[in-house]
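Pasting a structure here, questions to come.
A, B, C, D, E, F, G and H label the chains in the order they appear, each numbered from 1.
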Amino acid sequence: MGKPLVGIVMGSDSDLPVMKDAADILEDLGIAWEMVISSAHRAPEKTAGYAKDAAGRGLKAIIAGAGGAAHLPGVIASFTALPVIGVPIRSGALDGVDALYAIVQMPAGIPVATVSINGAKNAGILAAQIIGAGDHSVRSRIEKYKDSLAAGVEEKDARLRTLGAEKYLGS
Amino acid sequence: MGKPLVGIVMGSDSDLPVMKDAADILEDLGIAWEMVISSAHRAPEKTAGYAKDAAGRGLKAIIAGAGGAAHLPGVIASFTALPVIGVPIRSGALDGVDALYAIVQMPAGIPVATVSINGAKNAGILAAQIIGAGDHSVRSRIEKYKDSLAAGVEEKDARLRTLGAEKYLGS
Amino acid sequence: MGKPLVGIVMGSDSDLPVMKDAADILEDLGIAWEMVISSAHRAPEKTAGYAKDAAGRGLKAIIAGAGGAAHLPGVIASFTALPVIGVPIRSGALDGVDALYAIVQMPAGIPVATVSINGAKNAGILAAQIIGAGDHSVRSRIEKYKDSLAAGVEEKDARLRTLGAEKYLGS
Amino acid sequence: MGKPLVGIVMGSDSDLPVMKDAADILEDLGIAWEMVISSAHRAPEKTAGYAKDAAGRGLKAIIAGAGGAAHLPGVIASFTALPVIGVPIRSGALDGVDALYAIVQMPAGIPVATVSINGAKNAGILAAQIIGAGDHSVRSRIEKYKDSLAAGVEEKDARLRTLGAEKYLGS
Amino acid sequence: MGKPLVGIVMGSDSDLPVMKDAADILEDLGIAWEMVISSAHRAPEKTAGYAKDAAGRGLKAIIAGAGGAAHLPGVIASFTALPVIGVPIRSGALDGVDALYAIVQMPAGIPVATVSINGAKNAGILAAQIIGAGDHSVRSRIEKYKDSLAAGVEEKDARLRTLGAEKYLGS
Amino acid sequence: MGKPLVGIVMGSDSDLPVMKDAADILEDLGIAWEMVISSAHRAPEKTAGYAKDAAGRGLKAIIAGAGGAAHLPGVIASFTALPVIGVPIRSGALDGVDALYAIVQMPAGIPVATVSINGAKNAGILAAQIIGAGDHSVRSRIEKYKDSLAAGVEEKDARLRTLGAEKYLGS
Amino acid sequence: MGKPLVGIVMGSDSDLPVMKDAADILEDLGIAWEMVISSAHRAPEKTAGYAKDAAGRGLKAIIAGAGGAAHLPGVIASFTALPVIGVPIRSGALDGVDALYAIVQMPAGIPVATVSINGAKNAGILAAQIIGAGDHSVRSRIEKYKDSLAAGVEEKDARLRTLGAEKYLGS
Amino acid sequence: MGKPLVGIVMGSDSDLPVMKDAADILEDLGIAWEMVISSAHRAPEKTAGYAKDAAGRGLKAIIAGAGGAAHLPGVIASFTALPVIGVPIRSGALDGVDALYAIVQMPAGIPVATVSINGAKNAGILAAQIIGAGDHSVRSRIEKYKDSLAAGVEEKDARLRTLGAEKYLGS
């Protein structure tokens, strides 16, 4: 699919099952991506290096997922002028509320665009919307995607009206 | 400053003192903006209309601030393929936690790029980063802005080393 | 059962197992209902249309269930003067607290009558109480229902006194 | 204004400044009300008596506000088949979150229609909507009220566009 | 064991597996008890009657367990001058935090002695301590019970020192 | 007033303005008390000694107030078989939620009877109820106190009905 | 491994599976430890004795794990001048948030070095860092350990780049 | 006072009034310190450099304070084998809960020794305890400090017994 436009970074391979959703929807929307494991805490030099090189390598946005104290998105954002999208990962005793706070509450000057807990799919869509801000063909693919969501609702509603709740649940 | 690239929307004029920060930083970064009051709940038709027309009118991103149940960013996102940035506004008994949850926890398919509670300045920077993803001159202005942040830290640190804590606080 | 008096709306068929409780209790109380899938975010036009037509079609109340950012009840309330009952659905990392806040913390002017997380049965009873406010036969059915609740408590208490805790738990 | 249709109950006169909002909006919407101080904990017999007599005295809905452990709405709901609207009052160290949970999380069988913390105005509107479910003239007054909300937004938006943020804030 | 000194009340038989712990420890401490199912919301008259008669029937303390909005302990406390011990039951989406707040945050004048979520065993011990405040033989049984707790810790510690962690866990 | 029956302990004199409420209501109910400053963390030996001697010195209950990590009530409970009442003090960034959790969530075997955040008055009433469990004259004073609460509600309600809300607030 | 330098204390053997992580990492870092079961509430004398003797016996740091009201680390800290590391244990309805607050919110004068909920491994590393502050060979072992963490990240990243997400997850 | 043994770092001079407490108590305990402003987000290179050089420059521990997303302590910990003490700073809508979670919930491998929100004084004491683990004279100064805390409690208690609560509060 050509040179990656979006980098998807995670601190640990335990985040991979969640973060794969970002790659999958970018694939569906026809946007090339790359995927990297790099920890803000265990591999800080690698992380800093990745963030600093990202714009020069042609990336347009970076998606970073992390759980717990969740510094990865903010650390990447500190080293690049690209938009950084943060995905709080659900894990541990606090179920991702810690990650949400650690990602969304960034200080003035260094934003991270935060999506919902485990919301890697929305992170992918948001990356596509960012690219689509400057690319009509991408934006029109997003519009088609949104139409398909509305159509999916109509289809389920029609099915419910036909079957009734009892049969719908049993089907 | 030419045709607005970023729309700044709020549900009530009580949000204006916070949301003005977004306009100010966009101004500093040389990006044209417009500002609108439109409530998801009290003026739903106006809000839907604004969101549907935004892309056609040349906007590249929309910033929406709201407090409490905070539907404004999500409602706008439901009507446009543009990236929508949500600013949870601190207000009422829950101090903005309600707004944070109501903005960040969007369902799969319709993301809102959420910033910190009252983080309108960061919303403005994020909008600039989105535009900068496709515009080198904007990105280089953001890089300069980031350099100025680092310089500001150095300056304060030097001052603290010179004065000591006591005098720094008294100064 | 004649023309529906209560509309039961949900954003996704994953909410159906919870929302069915509202239909079941309305059935028991002899009040006709209809059930619709329509998402505030994925199908905003359909949702707006449903809400705007509801009063004209003879509905007396609308029950809307949603999880996460949970805009559905509030969006419906913005388009109708009918009483709207919101059911926060338990889902995701925040277990419905996000939905509770996003539904109950509506701004002044546009209320949503919120029930407990997953409290669709109570939403149904509340809808019946609303209709019963203007219909003595409905109110008397609710009174009978309340009597049956008290009788159920008496029966369990008697059984516990007879069996003792040990046998009651084993029975 | 004729026989009261809505009872507004509070456990303490310290809740009066908040609860008065319910009376004021009912007044605006042309619906007669009465106001009572009766505590679930300090005056349980009085509270039970009020709730039991309410329907017979012609009330169509009861609004109850309480802070802290906030049993008042639920206790009233246990003694009447009328719809009960609960207003969690902001007070003490938990700022009304305790009251919100104690009101909204009612068990199956006995609903309380909960509005936002300190949301007495919305409680009044909801009571009007309940009466309006069976009374066209009330519903049409609510529709007019909703129109006035939208007009208010338009007016503020126009003013902001004319003045700009700076002057709007200074005005 | 003679006339009951402690009443153990719960709103629903679903609370029985938790509340049985209170009866069991009272049994161990040689204090007679009785157990009742009575709901604050579904059987308010029965609950009020039980609370009003309790002191006259010779009870010295009442233990009440409830989940969700959890009014039972507070409602009982409103009708008796006996000490009432509240057990917040873990249930539903809020896992007992709602019950904790609804029980512990009672208004000035009407206390409920709250124990931990699902802490029915401690409720039983507390009831025994209350009786022991005026009865040396009960207090001395509680002291023996406390000694047995310390001995249990010593025994486990000795075992861990002998076996080591690995074998202790495997044993 | 004779030998103290209730000990009121606090970790710091900053808790005195809150804890004084316990002494005042005990005074009103005719029960002798003593007041002690002793910190679980800063004066652990003094605290242990106080708790160990309490029963022997004739105390019937101990009230302990603490903020933050709030170990005082639990530490006292570990050294005595008397009932211990814990008052979570509102302080610091967590506003007493930390103190509430640190007091109420005691492990099985060692209960603390927890009252509301800053609820020292209720702690005093609870101590009186504990003494009243074995002393009819105390219990009858509590009953009178409860009657006075109900009378206070009636009086305020009558005043509100006479004056109306407007004048009541202005009076 | 010679005389223990670190004491690992827990209130109950149910905490052993978590607390064993501290022992294991200390083992890996070549630091001798001992493990003790001693409850702040059920065995307060034993706990006080252990803490008072610890420094004299040559310990350099104490790790204490506890759940719920979680007084163990703070009680130990009140009796020793050694650094005390607290591990909040995940348990019960509050999932360790209660333990976190009860450990971290210690009053001025008596700190507890708190790690993450169930973070016993990090408690062990922190104890090693404390010893390493005065021992170059220990510090250099920690540095090697940190290098191994970075190498582990590199290895996983390389593997992901080779296999792709799909195969990585399946492998 | 000789070469600094403890580095006190903060991200912004707005944290200085809180962080000064750490310097003051270290001063009292006779331990040399240095103070630095360096932001994890606005000056990431400076921060990394400081952390990497710290051990070589003779520091034994680093105290880092930060509010909001609060990455500073964790970022420093990622670059050094020294013990890092984190101080969550109270600020913004979440009052420091965000900072607490972002500091304490560090991933396995990279601990941060977390103290209470705004607990800079305890951070200083903890740093002294860390140095005291390998330095008897420091430890004995901490023991003296702890004695002074106990004496302070005794003094206040004596004063309260002499004056009574009324006069104590008025004095």
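Definition applied: a contact is a pair of C-beta atoms (placed from the backbone, for glycine too) under 8 Å apart; a residue touches a chain by one contact, two chains touch by 3 or more.
Because the structure is a prediction, the values reported are computed rather than measured.
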Task: Shared interface partners, meaning chains that touch subunit A and subunit H - done: B, G
- [ ] Supply the minimal count of touching-chain steps required to go from subunit C to subunit H.
- [x] 2
Task: Chain located farthest away, centre of subunit D as origin (C-alpha) - done: G
- [ ] Could you tell me the distance, in whole angstrom, between the mean C-alpha positions of subunit B and subunit C?
- [x] 36
Task: Centroid distance [mean C-alpha coordinates] between subunit F and subunit D, Å - done: 34
TODO: Express in whole angstrom the distance between the two chain centres, defined as the mean CA positions of subunit E and subunit F.
DONE: 19
Open item on the list: Measuring centre to centre with CA averages, how many angstrom lie between subunit D and subunit G?
Closed with: 51
TODO: Return the residues of subunit A touching two or more other chains; collapse runs of consecutive numbers into ranges.
DONE: 12, 39, 42, 68-69, 92, 94-95, 97, 104-106, 109-110, 116-117, 146, 149
- [ ] Go ahead and list every pair of chains that touch.
- [x] A-B, A-C, A-G, A-H, B-C, B-D, B-H, C-D, C-E, D-E, D-F, E-F, E-G, F-G, F-H, G-H
Open item on the list: Per the contact definition, I'd like the list of subunit B residues that touch subunit C in the complex.
Closed with: 11-12, 39-42, 44, 48, 67-71, 74-75, 77-79, 92, 94, 97-98, 101-107, 109-110
Task: Interfacial residue positions of subunit A with respect to subunit C in the complex - done: 90, 95-97, 116-118, 146, 149-150, 152-154, 156-157, 160-161, 165, 168-169
TODO: Quick one: which bits of subunit A touch subunit G in the complex? Just the residue numbers, please.
DONE: 12-13, 16-17, 20, 23, 35-39, 42-43, 45-46, 68-69, 92-95
Open item on the list: Residue numbers of subunit A touching subunit B in their complex, please.
Closed with: 55, 60-61, 81-83, 85, 100, 104-106, 108-117, 119, 121-123, 125-126, 129-135, 139, 142-143, 145-146, 149
